[in-house]
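A short write-up of the structure that comes next.
Here the chain labels run A, B, C and D in written order, and each chain numbers its own residues starting at 1.
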Amino acid sequence: MTKAPEETQTKKISLSQAIARFVPDDSAVVMGTAQETLIPFAAGHEMIRQRKRDLTLIGPISDILFDQLVGGRCVRKIRAGWVGNVITGSGYNFRRAAENRTIEIEDHSNLTLSMGLRAAAMGVSFMPTRTALGSDLYKTNSSLKTMTCPFTGNTLTAVAAIRPDVAIIHVQRSDEYGNAHVWGNLGITREACLASQSIIITAEEIVSSDVITSDPNRVITPGFRVSAVVHAPWGAHPSPVPGCYNRDHEAFIAYRTASKTPEAFADWQARQVDAVHNSDDYLALLGKERTHGLALKHHVISEETDYGY
Amino acid sequence: MATENSEYTLPHLMVTAAAREIADGEVIFVGMRLPMLGFFLAKSTHAPNAVGVYELGIVRDTVAPEPILTMGDLPNLCRAQWLADTADLMGLLQQGLVDASFIGGAQVDRFGNLNTTYIGDIENPGTRLPGSGGACDLASLGKRHIIIMAHERHRFVPRVDYITSPGYGDGAGWRRQVGLPRGGPSAVITTRGILRFDPDTCEMMLASLHPGVTVDEVLANTGWPLRVAGELSRTPAPEEAELAMLRRFDPKGYWTGA
Amino acid sequence: MTKAPEETQTKKISLSQAIARFVPDDSAVVMGTAQETLIPFAAGHEMIRQRKRDLTLIGPISDILFDQLVGGRCVRKIRAGWVGNVITGSGYNFRRAAENRTIEIEDHSNLTLSMGLRAAAMGVSFMPTRTALGSDLYKTNSSLKTMTCPFTGNTLTAVAAIRPDVAIIHVQRSDEYGNAHVWGNLGITREACLASQSIIITAEEIVSSDVITSDPNRVITPGFRVSAVVHAPWGAHPSPVPGCYNRDHEAFIAYRTASKTPEAFADWQARQVDAVHNSDDYLALLGKERTHGLALKHHVISEETDYGY
Amino acid sequence: MATENSEYTLPHLMVTAAAREIADGEVIFVGMRLPMLGFFLAKSTHAPNAVGVYELGIVRDTVAPEPILTMGDLPNLCRAQWLADTADLMGLLQQGLVDASFIGGAQVDRFGNLNTTYIGDIENPGTRLPGSGGACDLASLGKRHIIIMAHERHRFVPRVDYITSPGYGDGAGWRRQVGLPRGGPSAVITTRGILRFDPDTCEMMLASLHPGVTVDEVLANTGWPLRVAGELSRTPAPEEAELAMLRRFDPKGYWTGA
């Protein structure tokens, strides 16, 4: 049933190759699409290591990932709903850059960002919403315009299509052709994949196509649109990955201090990013006690479904 | 602070007040931090049939089986009623199917407009805050929303520097005029009291004082001449059973510690 | 974790109660949302038996279900992309009614219908698309208007929101509170559920809530929005149900003849609908040989996922 | 009809011609009936990397593991690449990511406009047909589409009674003028030959005659003065291997029987 190997080229490459090839300087990158879960930290750190410049970051809330990329001087522009540290508050690199006006910010709400991506996903130039009317998001977001509904005459907010160059999506498991299973809250992941020109999948586990095709409803986007597949165990740490590991709250709390001053951040980047070259390095840095502490202790296994005939 | 039997913290009092804003059977868009605990408390006491909607793409009609710090923690996904897209839940909100939500803020003004984006001039801001997230959507589209924030004079300003989450704009009729379909803030739970809105003028009024707080103290910490409701009440202290529950939801006191 | 039984009222009622209570005359009903699969034939037949009148039927392609309801004189209006018999062509009751002008028809494409429902699902009054421009769908569908994109100046088709009174959704399994698992192609099911004022679930199997909550990504719409849950084994026959039974091609081929004349249809309705009062009757009519022939012979079981912590 | 070794039917010839319109690696929106078999044939011969998109909400890059009559048959869902929403696939189409699709019709005109809705006057129709389904979307939004239909004079009309699926309207420039983003019909595979479109005028031209068919016969069955291409070719008969495959896909000859 599944493809003979000679018919299809593998898309599996290393993380450094994937970032080098599909995230050139000046790219517009959507990341952190599931919001608090499945944030592709490993891929973001590789961008910092490769000294990417002038990126546009797109995402609803990125937790601390966008703050790290701003700290790494990779970012020219941010199109987001919220940038900070979910459980501690401000993201200090972001705050410094915004206050010093070294980055450009397009202020979205989570709904306007979702609708901008959905417009691109659907192949239309805008989406209508009823949010943000009367707000000052209009002053700091040129992707919003008021419009009149052609049927009711009501005032609506039109959100212009947002078409990222690349989506970076962390998943639980993928085959080497880019067909990937994701479970948990999906956030804006589905529209982000459909809206983007190319897609990089970073996966906790690389599995055979038979595993993936056993459940085609669990696939997040069709593999034919994926450009690269990267094996990245613990690639979303410290954010949680359903089925794999819990959220590492301590890391988020520690990052608050680590990002408070440019000097502290430089030190953090040297230790946590620049000194790390692959997932083995990262796991060694974390240590077994910590990874054990984050592992799932209670298991709830999905009821089976039959896709036979 | 102390009830008859037990010490409680200011966050305990605020969470308990937040929980009391939720009626049984309501659909609540659950926000981060204290509001999340407020929802859990309401759900475990007087509102067992409340449904929680979380913008990450979660609907659940039960409290998470283990203490969590934030809505994306795995226990909050486990045995959820629905795991879906953010847009699906925003659709429920935009349709008018969400009864209430809770929003925090850095600045609020007399008509309940909230700022969580820029303090100072947009072109040359003093402080950049994280931004809207879903807050603008909740304030725009819910049937009502409740604001929770610290009550300080620099936060309670005549006019916010930036409207992240629209309240009543410049007063009665404004929401309809700009095209918002419904809603507006129904209460502001602060570190000093609870404020509500005059149904005619949409202006904020002091409605309840927390234990030990005086009217003068509230007025001194509000940046405009705040009206005081004719029937000013005293915010009830958390009951022992409520405190016990809150200690279960936040055992390390991350959100509700002193 | 799951609700204590005293907290929640069951929504499980009989098919006849569900149709009597939630599908009054004059209702607008969306059905057949997965297109060729999971079509709620049992529910449609109950509407015929209860002699519903002046219904508005909404659906992309309904295979033969809408034709049967037209034949049963239940229908005043159809808002659909296509009405016929997928593998044989025309639906003759529909054709007669249209040619005699006894029903009103709003001609959609599958995309315009999907967007009309999605507009209602999202709580906005219209959705923009690029389809149907220059077509005559505009002549026979007042839910379409051309509009100009506020950003690009391009011409678009605006589709007015479609808000059904009730969605009838056939599923593989549901708990008694309306939390249901669906798998297979989804068609327009998700937006139809979110767009509708009430929802009737007809399910092959009623299961405990623990089965459903073991996999919340498989849930089609949140149970708090569902009004009625009906146990309806073989309730989608002759359409296929993934995990349960294959498509009964012979029934569709036979229906072609059975609907060719009003007399033939009256006879078909008497035998296949009016003489049937529950799923036991229907199964007896089908016969064991037939149901055995339609049963799954090859099984493909989904890979498990862990929702633990 | 007969090849050197084997008999074939007219549907066999048309399906084979349809398959040849598909290039390797293309994304094909697969329609009902003969086009579905044409996709399977292309996939199994010269286009192994073609991807099939089915509007029910199916993407698959393999042929169904067992003969099917229609795209919703369970073997076509089994081990699909993706099972999703119709809107997801319509999004791919509307973005311009679908290379080609196949559409049947009851009436076609010289600019390739298709009618599958009303024959006669809309207000008082002679015949009501099933309608668009996804056909209007495929014709509006795909990079190109191929029409498959019976070649009879009452079907090949100067102007269709109703445009269900837009072709080139009234000629060159029309699609851009009405706002369609791209596309148009690239071929019409009929029971008598294959027609293509003049790139300048967008008018249909006879390009290939099926075995045993004459130009006069085609002209007599076309309701307008049909142009004939300078290099008129002869549709190649199905090869033995192709016929063997088609017999595997449609073993009972439901779609390809005589």
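Quick note on the criterion: a contact is a pair of C-beta atoms (placed from the backbone, for glycine too) under 8 Å apart; a residue touches a chain by one contact, two chains touch by 3 or more.
Just so we're clear, the structure is a prediction, and the values are computed from it rather than from any experiment.
Visitor: Between A-D and A-B, which chain pair is linked by more C-beta pairs in contact?
Guide: A-B
Visitor: Between subunit B and subunit C, what distance separates the C-alpha centroids? Give it in angstrom.
Guide: Once rounded, the distance between the two centres reads 40 Å.
Visitor: Quick check: how many Å separate the C-alpha centres of subunit C and subunit D?
Guide: About 28 Å, centre to centre.
Visitor: For subunit D, write out the residues touching at least two other chains, lowest number first.
Guide: Correct list: 65, 73-74, 77-79, 83-84, 87, 90, 93-94, 141, 181.
Visitor: Which parts of subunit A, given as residue numbers and ranges, touch two or more other chains?
Guide: Touching at least two other chains: 122-124, 129-130, 154, 156, 183-184, 186, 190, 213-214, 217, 242, 246, 296, 298, 300, 307-309.
Visitor: Following the definition at the start, I'd like every touching pair of chains, please.
Guide: Pairs satisfying the touch definition: A-B, A-C, A-D, B-C, C-D.
Visitor: Okay, in this complex, where on subunit C does subunit B touch?
Guide: Residues in contact with subunit B: 1-3, 7-8, 120-124, 179, 190, 194, 210, 213-214, 216-217, 219, 221-225, 307-309.
Visitor: Which bits of subunit D are touching subunit A when the two form their complex?
Guide: Touch list, subunit D to subunit A: 27, 48-49, 51, 59, 61-62, 65-66, 73-75, 77-84, 87-88, 90-97, 141, 181.
Visitor: Mind listing the subunit C positions that touch subunit D in their complex?
Guide: 34-37, 60-61, 80-84, 86-87, 89-91, 94-95, 98-99, 101, 105, 107-112, 114-115, 118, 129-137, 139-140, 146, 154-156, 183-191, 239-240, 242, 246-247, 249, 296, 298, 300
Visitor: Quick one: which bits of subunit D touch subunit C in the complex? Just the residue numbers, please.
Guide: Its residues touching subunit C are 32, 54-58, 65, 69-74, 77-79, 83-87, 90, 93-94, 117-118, 122, 124-137, 140-141, 162-166, 169, 174-175, 178-181, 254.
Visitor: Under the touch definition given earlier, write down the residues of subunit A that touch subunit C in their complex.
Guide: It is residues 122-130, 145, 147, 149-152, 154, 156, 158, 160-161, 172, 181, 183-184, 186, 211-215, 217-218, 242-243, 246, 296-309 of subunit A that touch subunit C.
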